[in-house]
Amino acid sequence: MASAPKKANGNNADALIFSDDPHHPANHICTLCHQFYGHGWVTGTGGGLSIRKDNHVFIAPSGVQKELMRPTDMFVMDFQTGEYLRRPTSLKPSACTPLFLASFTKRNAGCCIHTHSQWAVLVTLICEQNLQLAPPTSTTPQDWPQNAIFSIKEIEQIKGISRGGVGSTEILEGGRKAGNLGFFDTMEIPIIENTAHEEDLKDTLERAIEAWPECCAVLVRRHGVYVWGKDVKQAKTQAESLDYLFQLAVEMHKMGMKWV
Amino acid sequence: MASAPKKANGNNADALIFSDDPHHPANHICTLCHQFYGHGWVTGTGGGLSIRKDNHVFIAPSGVQKELMRPTDMFVMDFQTGEYLRRPTSLKPSACTPLFLASFTKRNAGCCIHTHSQWAVLVTLICEQNLQLAPPTSTTPQDWPQNAIFSIKEIEQIKGISRGGVGSTEILEGGRKAGNLGFFDTMEIPIIENTAHEEDLKDTLERAIEAWPECCAVLVRRHGVYVWGKDVKQAKTQAESLDYLFQLAVEMHKMGMKWV
Amino acid sequence: MASAPKKANGNNADALIFSDDPHHPANHICTLCHQFYGHGWVTGTGGGLSIRKDNHVFIAPSGVQKELMRPTDMFVMDFQTGEYLRRPTSLKPSACTPLFLASFTKRNAGCCIHTHSQWAVLVTLICEQNLQLAPPTSTTPQDWPQNAIFSIKEIEQIKGISRGGVGSTEILEGGRKAGNLGFFDTMEIPIIENTAHEEDLKDTLERAIEAWPECCAVLVRRHGVYVWGKDVKQAKTQAESLDYLFQLAVEMHKMGMKWV
Amino acid sequence: MASAPKKANGNNADALIFSDDPHHPANHICTLCHQFYGHGWVTGTGGGLSIRKDNHVFIAPSGVQKELMRPTDMFVMDFQTGEYLRRPTSLKPSACTPLFLASFTKRNAGCCIHTHSQWAVLVTLICEQNLQLAPPTSTTPQDWPQNAIFSIKEIEQIKGISRGGVGSTEILEGGRKAGNLGFFDTMEIPIIENTAHEEDLKDTLERAIEAWPECCAVLVRRHGVYVWGKDVKQAKTQAESLDYLFQLAVEMHKMGMKWV
């Protein structure tokens, strides 16, 4: 994690991002960006990350090398008004901003992660070609195209995914999390089509969030995935579990195995 | 490794986990969890690890990000009574606990590792589809289904696997370990079916351990693997050798090669 | 990064490479070489890297283990005269030197990266066999063989590649970079045939640069790729985005998917 | 690298392994073992490494976790007499010892590396099945079976492999190393059959070394590879280049491409 001066410089905007606490969002986003670079999720300045804390939204900027990310690169927005409380003059705000905000406003998420993971992209390509079609199920919206759903079931890692997006973490008897999917559940993630400009995904992303009240993620065809959670831990561990499932699904597909 | 205060805080339970010795189980489990995260074995809080030392069983908790694991997260159980000597109030005990204990009681193991390695999962999927059937051999129990055995032979890394589970490490003339499989031996690992709740695997895991007296591991279909050894070193190096063999087996299968 | 003495030793040549600034080219090349080794781009002393700063060209030498690269290994050339200002006596200049210079003189690049990435090599092998032929497009030179073009479109990461080689980074409304390719654009990278001696690639590389005024990279069949940018950041992030696209293209090809 | 006391303890045997010089063989072997573990070359205590310096042969022991290797684990042998000058009482000498010595005595090598790399194993499996047969060439011994040769040509990384085993590093005009293979040369590596006990490979390994005077490596079927060089740098960079070529060859084979 980047080192920070012990004291903020008196500037109100900078006070928002200087902290000795590694879990302060401005520090935490940097640590996570470094880790995600190692996973291949944010190659070549791609991908992004936002944390909402109380009324402040912290957002990694556009076009920054994520493995070099520092707290001073951070944008901070007022969640109520949508105005920037801190805006580094040499940097551009992330085009993902309206998409991060959609998960915060519509799902009460506290953290949203956007990756360009190749496994996510490959899963959307396999679905695009109708090579692995989702079966009609009770949770699929009536009007959702079959090739726009990634479905998988009976893989243990599915139990790492919450039911209802930003689910409870209460542990029921037997160790199963109340709000999480079970091994025999079918996990479904909607896929939306990509657009020329990332911010134009906002409407379809919001529609997907509304149509799939149980989802904690939306895949973007030929692009990547958005994953959210009530806090950093839930968003990050769900992003890991989903990426694991995407990778496994690609390997299964290569060997002629069905996902459901 | 997480840093530890020089002195325990006087609380008996905490005294169980504070040590300057990197090989103290509370420290060792953390080091191993960090390493296993790098291997992709414990993604998204999946997988787990337990070390038994004398009458104390140290267990990584449920739902913890393994790369952030700290000694203070540790559960400690009395091996004789099964009572918790230390139980962090904010955490839940691992659902793997009865499975770890099965290897300790039935095989006298000193360490048990549970991974969600994708190679382990893929091997169970290939077997499920009868794509690579195990040949009937003298060591296969009569009533064990053919698609519930992973078999491989004539790969050098098989020599890293002990015969009889928690085998001797005595070195015979020629460098071959007395208790380990040889190059021309067929390594067989039983596969049990997954259940909705991890702790419900206990009965079938115990049955597999009894039916396969030579095994040092049990695969769980669509889930992962449990591997044990007489101590951390044997459990860990066997987990590595098995993961190597699972990965090689998947690559062989993709190229149309038989495992036995 | 390798540590450097606080003061240069009075030798003019050495003064060129000793600096406390991590962004000084002599330090920066070392940091990048270490990182690229981790990516598998410069295995076994392969690959290379050059930074041009003002009238000085800094070049990693031939035959050096890139993960051990130190500032004292650096060659420094006068950009105008082509004479070496610093030439370590125990080392040989990189055979890539005329190729790095081609990007500096013909495209005004500030940094050029050469990798032996297996994904780059595999993409050239797939094209060689006409397994994925480029479609005729308006930007393809009339006389360029169809199996000597790598083309891909409608993958989000394409937006990480500049249009016109060393493009502007001005951000247009909507967050799209003025000088970068868009999602619906077809990215084309020319492929030149390898030669026995690396420096003999100079003429065909220069011809490719001239024939493809939009390209920021040239693939070398069965060898690797040269990628440049106006500065280190653009060269490095484009090298990452291209490598991502090469890897994805190989995975797509394995699953029978078309690139365009 | 493991830390070492500033002074040896007066014991002659221990004086052989304590040094502040990171390039002292006892330290260098540890650094390399840690690095090779990261490459997946020495998983589960597999693989090994030896450095010969003057009349002393330093050898990593049998059954040690390579990522934890320390100088005090080292065996030291007198090269002339074959007697151990230092032999840790709690450890066993490596079964690879006679094979390392074969490269030292028959090729004047200064370092020999043995890996269990999966790419090496997969290449021997592909050859075993006659799926990629070597063409008869002038350098192939008359009596060598066609499925016991790994051949590849026209891949740039071949230029990282020396001609004649422990070749010259003199650089000819044009940057090509005098003693190294050229791009249009066919690289051939002999494959010997595995045996139950590693030390029993000695005779066939020696025969391969004699039959293939140009080789710097011998593959062992279903086991791994031995690679040597005149010093650590040449052995290590050749091991990297070979592993690169093995991996590329496997990927080429998966896509139906011929190696020669």
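A, B, C and D label the chains in the order they appear, each numbered from 1.
One rule holds for everything that comes next: a contact is a pair of C-beta atoms (placed from the backbone, for glycine too) under 8 Å apart; a residue touches a chain by one contact, two chains touch by 3 or more.
Here the structure is a predicted model, which means the values were calculated and not measured.
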Starting from the Cα centroid of subunit D, hunt down the chain whose centroid lies farthest away. A
Over half of the interface residue numbers used by both subunit B and subunit D, so same, or under half, so different? different
Dist(centroid_CA(subunit B), centroid_CA(subunit C)) in Å evaluates to 44
Please report how many Å separate the Cα centroid of subunit A from that of subunit C, as a whole number. 31
What are the residues of subunit D that contact at least two other chains? 254
Drawing the touching chains as a network, do you get a line, a ring, a star, a complete graph or other? ring
Which chains touch which? A-B, A-C, B-D, C-D
Residue ranges of subunit B touching subunit A (in the complex, touch as defined): 40, 43-46, 62-63, 65, 92, 94-95, 116, 118, 121-122, 125-126, 129, 131, 194-200, 220, 222-224, 250, 253-254
Please output the residues of subunit C touching subunit A within their complex, sorted ascending. 154-157, 160, 169, 171, 174-177, 182-184, 233, 236-238, 240-241, 243-244, 247-248, 251-252, 254-255, 257
